[in-house]
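The first chain written gets the first letter, and so on, giving A, B, C and D; residue counts start at 1 in each chain.
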């Protein structure tokens, strides 16, 4: 079994609310690349949270790298998490640390040698265009700069699975394309990638596979264009149809 | 003098760094509508911060509603701030308060009657599609939902000046259009509006005036299309040309 | 809506920091209450000792073979003493009083008629020109051999000095606790402002006045101070009663019985509003001062 | 890079909360040090009193008209006493010693030859079958009228009880301070975890083990505890010396002179590592327990 992520009849409900995710079943091969789309509030971030172990499902079965998540003892979770890189929708940079230290964090936690850390982190920060901001605290960076630090932190340890939540919401199309290129490179090295996004143009342009969330259900499409036209409109429709001008 | 905002030779420098803004001079009429564009790190958020009094300029003269900001006594600042609505790039919702209470904040601070607050806030939250999430804490809202709460808070008190920093970065095109409609309505009621954005399509579609930041300098264009073609590319170009694929 | 009067904007309820404040306050008020009680008790003691010094002289005469003869000698001694300049009055203690005085030393034997008890004369003297103990002894010695005169002087002087310095210590402890309480409120308020910096900034941006924010901190601090000081006083009351009980029999007849009067209890209860006021004023000033430095 | 050994991830340096910990620690170690010193001093006192009880009996005899006759009577009394069952030894105090004993009561008059001083006999008794004071008095009374026998019993027993309960109070205060210190560390650690929740979550997401995080908290807490307890001990030392100075002359000859021995100082210094260890272990356990509840 070569599946990096496997969901079977997974359901998620917050507190007493409605089920945000219903019977979600899918599997991601190693080396796959998917966009995750759906209206605002459709459950994209929730699905990603399940994958990076920030949330336990209300029901169903989740396995990561062939391990049943629910039976994995607490002590083994860090090893699992080190194989997963995450770009959070709200960045989650550590405010008291420089851009460099933020990006270095996953390596430090894994006890990588300081000299090696320096080389890798600097190279990556230059690549995302933050050469002049390595020592800057997140609060002194612009929104787009922070987002790039967050992306660098997610990819620095060459994860087997990269989960990115709206990673290009604060940058312009040029930088977005460059970041997509970074993800492509990583993907070519074998990393499975899932990117949640509202950026319709980016999805269309890439021609990648799409995970579509609507009404709590997940459908896997080989391409946005595969969607039958009726439904297609709703891929990027407002909050479950409630918002119409 | 009917200028809502007036900048004269304003310069801004953080600490010992380079000047992020150089000799910025412009004025905004009441009832005007501008997009603020520029590469990531060009200084859009910084310019907005100067306008909503979160930052003092290193040099130059700023007046808001005809009052020189630098000589306004501390006790008069709240009155000034109540005329300005701000959508922060990072939302800045209060984590311990419900969506309703977050939006109600500007009215509560101004001692508006609770019954009136209820009516206005509920109406607005329904409008932005958060009917079912009024009592939800920000942490239980999706990224796009949070962004809409932030926008609702900025407009609830019908400010004379609305400053929005990337207000549609986390929502899909449908919702983005609806939010633009909201801004238009407000503008028609006489509010001056400045929206910083990377969303090229939105700027083009609207045909509104554009404030363009590049190399620390500000240029006012009647329309994106007015930009001479060479420079035009750079309006949405990467971080001062450093990032090129 | 609940707690609306304090403004719901600052989420103090979730601060671990402010959970401290009542307990620290309770602790400091507890110590202050003990010190206040100590101050009053020591004051009583000092007054009693002061009254004793040079005001009274105790004369002890050995018992002779014959009670009648003894009584005559004592009557003579009393006459001589009353004639002495500086002596206000002189009285022989009756038998029962003497037995009481000796009981802790001799036990039941004090009541046994087999032991001839000594006789005791209490002399009150004028503070102004009190005769020296030696002068009294010299006067009586030829007439009553074996007489012992005790003006408590040296010993009581030392005790009085000790009591007086303890009184000062009590006052200083109360003041130090007040200072410590204020410092604690400053720290907790600053910590709270750090914790809620984001909230405070947003409140500024939506047009809140500094006082609007300071009021919330001040009200919260004074409520916590109130709670803490009530706890402190409530804990101090039984502790004090226990201490009085434990130390009540340590006076050894030298010091007055330890008692906590109404004045003491009122002063202790007065610590509650004082603590709350300190918290209120300190928090308000701290916030306004810190906000003044923000943009 | 600085402070790298503690891991730079958790920004403790900016917590107002943790600034408290050393001072609270200092305060508690200060109190504990005072209590420890009190415990040792009270122990000394108790031993001295205990030695005194029933071991010695003091007999006072009034002076007669004739020194020679007195000395004869005393020699007789000594013979009788030494023959008594349960009496180990009996010695008359020499003149000089008696003068010294009376000096604080009579002042210079004690040295005056005009006042006939009483005679004093010190009797050491077997603790096992010591004769009662009344029995001795009854034995001597017919032979020496006016004799006074004092076995210090009742009085010293009461004093001993008071000292022993004070010793318990000292022990309880030390233990309470230990508990309070642990509770404070729990509170501060919890507050710290609340404050740094975001950081902790991110550290989890990038694959940090619970112990990696707990270690940082524990090390920080023990450093702060160390700092605080050193401050506490450093402040306690002069305070104790001052107290000894102030109270040294309050023994009134009854209690041994108050002294702080090497053992006392070592025990007080021992509070430093104990406080640091409490902080270390408490913080580590608290963090691991809290983290266990996080996802």
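Going forward, contacts are C-beta pairs under 8 Å (C-beta built on N, C-alpha and C of every residue); 3 or more make two chains touch, one makes a residue touch a chain.
Since the structure is predicted, the reported quantities are computational estimates derived from the model, not experimental observations.
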item	value
Common touching chains of chain D and chain A	none
Each chain counted as touching chain A and chain B at once	none
Far-end chain from chain B, centres as C-alpha averages	D
Approximate Å spacing (C-alpha centroids) for the pair chain B, chain D	69
Computed distance of Cα centres, chain D from chain C, in Å	22
Cα-centroid distance, chain B relative to chain C, in whole angstrom	65
Multi-chain contact sites of chain A, meaning residues that touch two or more partners	none
Set of chain D residues in contact with two or more other chains	14
Overall pattern in which the protein chains touch one another (line/ring/star/complete/other)	ring
All touching chain pairs, where touch follows the definition stated at the start	A-B, A-D, B-C, C-D
Residue numbers on chain D that touch chain C, as the complex places them	14-17, 19-20, 24, 62-65, 104-109, 112, 114-116, 118, 133-134, 137-138, 141, 145-146, 148-150, 153-155, 158-159, 162, 165, 187, 190-191, 194-195, 246-247, 249-250, 252
Residue ranges of chain A touching chain B (in the complex, touch as defined)	14, 39-42, 44-45, 89-90, 128-129, 131, 140-145, 148, 165-166, 169-175, 177-178, 181, 198, 200-201, 236-239, 242-243, 245
Chain C to chain B touching residues, read off their complex	7-9, 11, 14, 198-199, 201-210, 212, 292, 295
Complex contacts: residues of chain B adjacent to chain C	52-56, 74-75, 77-79, 81-82, 86, 92, 94-97, 101, 105-106, 108-110, 153, 157
